[in-house]
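In what follows, subunit A forms one complex with subunit B and a second complex with subunit C.
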Partner chain A sequence: MSSDVLTALGALAASGSGDSYETPTPAEFWWPLWGGYDNPWAFTRPSLVLLLSVGLIAWWLVASTRKAAVVPSKGQWITEQVYGLVRNSIAKDVIGSHDFLKFVPLLFTMFTLILVNNLFGIIPPIQYPTMSRIGFPMALTLIVYVVYHVVGFRKHGFAGYLKSMIPGGLPKAVLPFIFVLEFITYYVTRPLSLCLRLFGNMFAGHLLLLLFITAGDYMLLHGSIGMKLVSVGSYAMAFVMTAFEILVEFLQAYIFTLLTATYIASSLADEH
Partner chain B sequence: MLGGNIAILGYGLSAIGPGIGIGLIFAAYINGAARQPEARGMLQSIAILGFVLAEALAIFGLVLAFVFKAA
Partner chain C sequence: MQLMATTVIGRLVSEGETTPAQGLPILPNIGELIVGFIAFAILFVIVWKKVVPNLEKAFAERAAAIEGGIRNAEEAQAQAAAALEQYQAQLREARTEAAKIRDEAKEQGSAIIAEMREQAQAEANRITETAHKQIDAERRQAVVSLRGEVGRLSTDLASRIVGESLHDEVRQKGLVERFLAELESGAIRPEKVGTDSAGAGA
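On to the complex of A and B.
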């Protein structure tokens, strides 16, 4: 991890040094640790962060529930609160009390994994939101995509599932148009927006932090005396945006889980 | 010398609609919660759901701004 941090600091210094300020670009998010810079299969920094988060979540969940008691310890209480949020206010409220239970493990995994990975975006030694590389939200979305379609096909059958996409009570003339629209919604818009929302929020937020911090760094070290004063404002904005990022990170983990539950619920719904 | 990419303007345009939409959604949520405080929990998840659906367009704009590089 330490060499990782050193390269990060090196890159920050590099982008802030020289005669002119270079604004951060999407290329700053490419961090191969092993396998070479041009290798698309390189083991990258977000891969390491993801592995770390999986280990951390597994350790935390086992440690906080191994000695589960009726009167919970602090750790068990936190785990129970998070589990309760996912189970009751996401899964049960959205999917319905009849068959929400078998989706709780999926939703809980999604929520904890995304939450921890998002929070890693601002936790100092790591400071890389995994989901700002589009491959990671894509993989998560692929799981959700397969799950809600399989659930729908199993429940309604092939023709029944396609039919269940159309809301009832429509005049016959508009049915084909509505079917095309709903088909696009189910197969294109939903996975695309689910994936891009998580990616876009994490990417944009991190890019903004990068901009304020590297700009403050540049103005402080290379600017005139007036610029040095302005850099205080830049750092203050970086601080404010970091606080805002915490909110966004929680919200995105919640939203991803909520939408997963919503999509599963709409595949399971009997009639529109 | 100001450099940049005209595709970013597309993001600015695509943020207008969601900005108005999200404003309307939360205005309705605040109205509802003020009139009926006990419905707050239920309204909150509906408001967030509406918010993310409206936000999707802005996110598309943001991503496409980086995808399409102007020459």
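On to the complex of A and C.
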């Protein structure tokens, strides 16, 4: 199915002269800055954006909390709102008031990094969601993966952790099947879904925006009168989707952080 | 799946759309994966070491300040209530004291008035008595001097009647004195001299 689409797209692109419309493809996301187009080790634009976001977030957080006071300044207040959301609504509520504090730095870093990079998807002149390159969500997911397993092994011991995956009160006969299912959940499904959810949302959202905007451009510049009118609809859709993207971008950052907290909590839990 | 992906890549490559460098969108670019780790690590260390401790400190201080404020307010309220109670007790005490003092003052006042009245009465009595005594003394003196005078007048009168001075003789014999003493003691009845009517009228 996807191969057919890609073939069709490829054919369209290949057959077209300068005037024909070229559908945006996944190739749009490959954007090396240094090292050449064909170099897999090239330094890419999203890498630069990610590093930029780290600098920006770090600067803001340090500047707004360096003189953190009982009565907050405006900047400190804004930071505290975000920090409070991660600390209280995610970490404390999910992990529990006993252990949550040591995971707050991890969760807060995850949330701010993903949120800012997602929002870069619609902020000019960047307009590129970093997380639409799967390498970045994968790096974050691998960190989460290692953290929640290490936490689990530390808490329960090796055998205890494996045992803690199985819910209690089951008949002995089904235990092996449940263990296999839970094992797959812990080691395959969770990391894969965590990574792909973030990547897929950012990738698809950006592709949709690209489609509506480039189509609108093409119809306005090259189409007949009727097509020019339709281009207005295309731009309107781009506008609506941009607004929708803000919601998705925030939501994905929130979900990623919430699931991270959930996985850590389930590794810490005494009973499954 | 793998086969399909390879096919797609192959097609895309053959059509000049893509290169092995960019790969499939769901396969990570190793360079970007490494940058992802580095970026997260940098931000994590900053958040862990700089941001979270400061925010937690502010949170803790805020919680302490609020709790402290509430406790202080409660203490102040309790103190105010105690002070009010004390003031009211003092006020009650002062009122009782004032009433007592007023009663005492009233009693003392009436006692003083009575005493003053008594003193005034005594003074008046004393003055009256003194006056009586003085009057008595004066009367006595008057009687004495009148007696002398009457004697002398009588003697003068008698001398004129007799025609010579009887003073020395009278003095020698104490006649007048004796007569007056007798008169006072009632031994002598006054007798009419001259005409009845004239004598009675005189």
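Before moving on, here are some points about what is shown:
Assume the second predicted complex is superposed on the first by the 255 of 272 C-alpha atoms of A that agree within 3 Å, B and C clash if a C-alpha of one lies under 4 Å from a C-alpha of the other, contacts with A are read in each partner's own complex, and residues count from 1 in each chain.
Going forward, a residue touches a chain if its C-beta (ideal position, glycine included) is under 8 Å from a C-beta of that chain, and two chains touch if they have at least 3 such contacts.
Since the structure is predicted, the reported quantities are computational estimates derived from the model, not experimental observations.
Of the two partner chains placed by the overlay, only subunit C lies in contact with A:Leu106; subunit B stays clear of it.
In the superposed model, A:Asp93 lies in contact with subunit B only, and not with subunit C. In the superposed pair of complexes, A:Leu196 makes contact with subunit B and with subunit C alike. By the touch criterion defined above, A:Ile255 reaches subunit B but does not reach subunit C.
Of the two partner chains, subunit C is the only one touched by A:Gly135; subunit B is not. By the document's definition of touching, neither partner reaches A:Asp270: not subunit B, not subunit C. In the superposition on chain A, contact of A:Ala27 is made with subunit C only, not with subunit B. In the superposition on chain A, contact of A:Val62 is made with subunit C only, not with subunit B. Put subunit B and subunit C next to each other and count what each touches on subunit A; the higher total goes to C. Where the contact sets of subunit A with subunit B and with subunit C meet, they give residues 26, 196, 199, 203.
On subunit B, the positions that touch subunit A within their shared complex are 41, 45, 48-49, 52-53, 55-56, 59-60, 62-63, 66.
Contacts from subunit A toward subunit C in the complex involve residues 2-3, 6-7, 10-11, 13-14, 25-27, 29-30, 32, 37-44, 46-47, 50-51, 53-54, 57-58, 61-62, 65-66, 68-70, 72, 76, 79-80, 83, 101, 104-106, 108-109, 112-113, 132-140, 142-143, 196, 199, 203. Residues of subunit C touching subunit A in their complex: 4, 7-8, 11-12, 15-40, 42-44, 46-48, 50-52, 54-58, 61-62, 65. The touching residues of subunit A, counted against subunit B in their complex, run 26, 89, 93-94, 193, 196-197, 199-201, 203-204, 251, 254-255, 258-259, 262.
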